[in-house]
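The following pair of complexes shares a single chain, chain A, combined with chain B in the former and chain C in the latter.
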Partner chain A sequence: MTKFIVRRLLLMIPTLLGVAVLIFLLLRIVPGDVVEARYVGGQGQFVSVEQMAMERAKLGLDQPLWKQFVAWMGGLVRLDLGISMWTGAPITEEIKLRFALSLQLAVMATIVATVLAIPLGIVAALKQDTWIDYGVRVFSIAGLAMPSFWLGIVFILGLLIIFEWLPPMVYTPFWVDPWQNMLQLVWPALAVGYRYSAVATRMTRSAMLEVLREDYIRTARAKGLWTKLILARHALKNAILPVLTVIALEFAFLLGGLVVTEQVFNLNGLGLLFVEAIARRDYTLTQALVMLVATVFIVVNFTVDLLYAWLDPRIRFR
Partner chain B sequence: MATLLEVRNLTTEFVTSGGVVRAVDGVSWDVREGETVALVGESGCGKSVSALSVMRLVAAPAGRIVGGQVLFKGRDLLALSEEEMRRIRGREIAMIFQEPMTSLNPVLTIGRQLTEGLEIHLGMTPPEARARAALLLGMVGIPDPARRLGQYPHQFSGGMRQRMMIAMALACEPSLVLADEPTTALDVTIQAQILELMKDLSRRLGVAMLIITHNLGVVARYADRVNVMYAGRIVERGSARELYAEPRHPYTLGLLKSVPRLDEPRRARLDPIEGQPPDLTQLGAGCAFEPRCGFRVERCTADRPELRPAGGEGHVAACWELGRVARTPAARVQ
Partner chain C sequence: MRRYAGLLTLILAVALAAPPAPAQEKPRYGGELVFPVPSEMPSYDGHRESTFGLIHPIAPHYNTLLRVDPTDPTGTKPIGDLAESWTASKDGLVYTFKLRRGVKFHDGSQMTSKDVKASYDKIIFPPAGVGSERKGSYAVVEVVEAPDPYTVRFRLKWTAASFLTSLASPWNFIYKADILAKDMHWYEKNIMGTGPFTFVEHVKGSHWVGKKNPNYWDKGKPYLDGYRALFIKASSAQVAAIRGERAHIQFRSFTSADRDNLKAALGDKITVQESPWDCILMVTTNHEKKPFDDKRVRRALTLALDRYEGSKALSRIAIVKEVAGVVVPGTPYATPPQELEKVAGYWRDANKSRAEARRLLKEAGVPEGFSFTFRNRGLPMPYEPLAVWMIDQWRQIGLNVKQDVVEAAAYFGELRKGAFDVAMDFQCGYIVEPDLDLYKFLSSDKNPANYCRCKDEVLDDLYLKQARALDVEERRRYIRQFEKRLLDEEAHSFMTLQWHRIIPHSSKVKGWQVTPSHYLNNQLDAVWLTE
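Here is the complex of A and B:
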């Protein structure tokens, strides 16, 4: 088991390195850089080529690619993300609050999704091809069909029209005022979690259906166990594995992928920052964000693998 | 010996895309206390479904029991509530399944799978159940049981898993064990061990057994009485001794002739039954075995024979041509 963990941890290094090389090169293939974006995009003033070259030199963009890469890597190894090319502020500062917000939202949406998906999926599987099953399937397909930002707008309008109340539009960190914080974040979490539960519900349903047909379920029934015990002890533990994967990967995606939903709820999260960083050709910030999301993906994947090993003893001994 | 289980006119159907299949068609058989009865036949003849019907574990909604009675200690199991039936499963009637590889839950320890029945049916505390589980594993010949309880099925060999299944079945001291092809998935050497173990335990504990098999060798050695099934019906029943010495149904005769025997000259030809078992959705009014039968007469196509006395006590066969089958020399080969 220890060997398994150590090996997986070591495997993270080449993966992250691959991501780093890719994003580093891709960003520089895209035409334009931060200097052009700043001067050309803006006020329409004329800027001399020399001045632009000077700006580039200040940011280190005149260095050969490999030197830039090595410098960046050197910083990463020391957990120093550098400064934003656009604002000049330390990236850690830029990201910190937004990451906390996006992480909290992702966790809350995941909780909503899990709480919805697993019971619904189980019920649908047990009542396969009855109106309950159809109902669950319609509910989950509706979730997939409605974009969460649209649902978010409906929530806001609904709250406004029915309760004449609006959720707070200014972000309060959880550690400052948990109640205000929840009042604001619970709505996007519901909107995103509902949509996100759709895939997990369907996965739970089909995994349950498959497991319920297994021979060992018949054995459990032949032993005279209560149906609930068979479901909880024998079926669910087997069916939960693929569901876990879906939920975990979706979680990682939520961290950086909620651009529009964040806008609807006036949330200053990672999604918006991502879009801005790319539009401004802010290499250092984009790179840092990509590495952050990649790390989250890898860590989540690793956690899922550990959970798998914990849930399925056959994996432990490989 | 008193009758423990009596199955009367049991009929179980499956709804398939090809139509309704009557997997078990008005079958009657019984098991007496402490006795070993065999249910023999080719794949798909309805023998497993018969056992699953007794346990009321036929996969719904495709499969359902449409008629008959299953009297266990005088109570009709088919009339019980689901909760009453649950109390019988594993406690009074236990089942051993064919595939030890897939019939054990891969994510639960052997100990957990052994103790849950004890906790539920016998109300044992976890430590008590664990102690008994270790005892049971030892009883079925698994060395170092205390350590084995913490292991998972994939750490057991096929033979050991089947031993574990037997331990699980005997855990609550049921009075009847239904063994559905308990050795089919195992190596030949292991098969013999498992069967000896089952026979030994059933004698020692006085458990009655129903062995479902297609292996006539198993039947000859371990069963007291035999029911031969074909296309959802019983075509012959009798004591194992008599059935072997004097089969009266052409199908039983064919089964016996298609098994190689070590005591025959090496060049003796096997005589398999030609053709395939019939499609159960397309059964006619006559005898289901008629198309493959060497003894068929005109009457067989239109008129289905019922079971009737065929020699010794309790020996019955469903064939119009009992006499001719009896006079066939091959029927006396022993």
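Here is the complex of A and C:
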């Protein structure tokens, strides 16, 4: 097991390095830069070419690409993400502000999704081809068909028209005022969680159906074990592996991928920061965010692998 | 007596019949104004930035030397802010300003001419490594002097009709000289002004809070206890904030559909203010690409546009409305409609206009069905509907136009490289002033932001003449000539439709006047809430 963990940890280094090279080059291929985004167009007609060159030099954009890359890598090794080219503020400060909200939303949406998906998936599998199964399938397909931002708009309009009430527009951390915090985040968590539960419900249902037909389940039943025990100890434990992967990957995605939902609910999260950083050609911030999301994905995958090994001893001993 | 009795009866009758004059509402003190801001500032330094995302939350912390009269709907009349009075020398080359006394920075220190000089020196003559967005628009200034603590003097290199207006720029915050002397970049991350509100907090991506300055020099102001700017990017969330009464006003603009929805939902709780907006999309032709080097072809392109019908249709779905020349309609230097109708592309008879366009194309040897690419910026509003409309208009004179949309951030780089036939260009002013509005169209070697790659010495000369004409009528004449040459005779570039600013706000908000610029009237000193 230790060897397995060490091997996986070591594998993270080349993966992150590959991501770093790729994002660094991709950003430089795209036309335009942060100085252009800031000064050209609109009122930018009075900005001279010399001033733009000066701004580029200040940001180090006049340096050869390899020098820029080495400088960035040097910072990363020291865990220094540098400063945002757009705001001039330390990137850690920019990210820290949004990370708490995105993480909380991701956790809440995952809880909503898990609470919905696993029981519904199990029930649908147990009651296959009954009206219960059909009901669960309609519910989950509807979730797949409805984008979470659309559902978010429906929530907002519903609250506004029926209750003449809107969720708070400003984020309050949970430890400052839990009630205000929940009032703001419960709606996007429901909207996102429902969409996210749809995939997991279908996955749980099909995995359960597969496992329930296995010989060892028949054996357990033949032995006269309680149905609840068969489901919990033998069926669900085996069926949960692919569901775990789906939930974990969705969780990682939620951290930086809720751009439109964040806009609808006016959440100051990482998704919006990501899109703005790209639109403004804020290379340093975009690079840092990509590395952050890549790290989250890698860590989540690693954790899932560990959970796999814990749930299924065959993996551990392979 | 009988003679007078008749007159008295008449006066009495008129007095009774006339509606009572509305009593001047007395401002109420207190309350927090809440407004969404659809953008956020990169830094806090107004001298460096150009986004309204800075002006809306930060302007209330500062004063400027002059300001635009907050009650003037044209947004063109400069009045004193920190300057109490001013005089100009007979030759128009020296402007002397007397400053108000007793003005204090938020840290309690006195504001003097030293601070005004240091601020303007930073704007006009920034030291190496210090960015100044509008340095180029003050090329006329030779030196700024502070002969005594309450006098500031600007010496100009030549006469400039726009000089006073340019000092009313909402960006030219007066900073503290001592701070600038220590660190020219201090104001990029900090606030220290003399304005009606002091700084409380900024949570990036979330909100900005200001509170009443109890020591404000304009006694009795501000009326509000404070304000809270919420950074809300999505327009749907901004509308929801107003509709849900979580915010009072959004100072940029909403669409006509948003206005109608808010009005329908909230009725009298919403007050709508509208104005032509000092922003416009125009069409630029690349003179290095054939056949656009031929002015007959360029004229045909503008003649094809039926702006009057376009205005009716597009104003329902996009943020455009007014048919305009080079200056915002309704402002002092704008061309009156009946005069504008004589300019190519503004004729009332669209059929006659299109027939002339076809004739010109034929004369220039452009065949029926000729194809070209129209480069457009990848922003939906109002770029997309305007482009669709124009492509259809050009189709009606036998041109086959393909639209090529380029991502917003890369767009102007492409234009600068000359990688286009015909393209959409954009101009948005912070104050309606011909010097600012016309500068865009100077020859490309004088202003690289004119992407036509063209040279027109006559236009350059007319620009200088209008800029230096101190007589209003004379200046107006030069502006008309400039407009005629730019839009009609040469058609280097031509206008689509003026943007239209729509501010539906809570009826509780008083003391705020819409102007053609979303950069103006954000000091909030005169704004108050009825409850």
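Basically, the second predicted complex is superposed on the first by the 314 of 318 C-alpha atoms of A that agree within 3 Å, B and C clash if a C-alpha of one lies under 4 Å from a C-alpha of the other, contacts with A are read in each partner's own complex, and residues count from 1 in each chain.
Heads up, the rule we're going with is that a residue touches a chain if its C-beta (ideal position, glycine included) is under 8 Å from a C-beta of that chain, and two chains touch if they have at least 3 such contacts.
Please read these numbers as outputs of a predicted model, since none were measured by experiment.
A.B. asks: Using the superposition on chain A, decide if chain B and chain C clash or fit.
C.D. replies: fit
A.B. asks: Using the superposition described at the top, determine whether chain B or chain C touches more residues of chain A.
C.D. replies: C
A.B. asks: Quick one: is A:R195 in contact with chain B, with chain C, with both, or with neither? Answer first, second, both or neither.
C.D. replies: Neither partner.
A.B. asks: Once chain A of both complexes is superposed, is A:G224 in touch with chain B (first), chain C (second), both, or neither?
C.D. replies: first
A.B. asks: With the two complexes superposed on chain A, say which partner A:R205 touches: chain B (first), chain C (second), both, or neither.
C.D. replies: Neither partner.
A.B. asks: So, does A:D215 touch the first partner chain B, the second partner chain C, both, or neither?
C.D. replies: In the superposed model, A:D215 contacts chain B only, not chain C.
A.B. asks: Can you give the closest approach of chain B to chain C, taken over C-alpha atoms and in whole Å, for the superposition?
C.D. replies: It comes out at 48 Å between the closest C-alpha atoms.
A.B. asks: What is the shared patch of chain A, the residues that chain B and chain C both contact?
C.D. replies: Comparing the two interfaces on chain A, one with chain B and one with chain C, no residues are shared.
A.B. asks: For chain B, which residues count as touching chain A in their complex?
C.D. replies: Touching chain A: residues 55, 57, 59, 86-91, 94-95, 97, 99, 102-109, 112, 116-117, 120-121, 152, 154, 165, 168 of chain B.
A.B. asks: Which residues of chain C touch chain A in their complex?
C.D. replies: Against chain A, the touching part of chain C is residues 36, 42-43, 50, 128-129, 131-137, 188-189, 203-207, 230-234, 236-237, 240-241, 243-244, 246-247, 407-414, 416, 426-430, 439-440, 447-449.
A.B. asks: Applying the document's contact rule, which stretches of chain A touch chain C when the two form their complex?
C.D. replies: That would be residues 30-32, 36-49, 51, 54-55, 58, 86-89, 93-94, 97-98, 153, 156-157, 160, 164-166, 168-171, 263-266, 268, 272-273, 279-281 of chain A.
A.B. asks: In the complex, go through chain A and note every residue touching chain B.
C.D. replies: Residue positions touching the partner: 213-216, 218-226, 229, 233-234, 237-238, 311-314.
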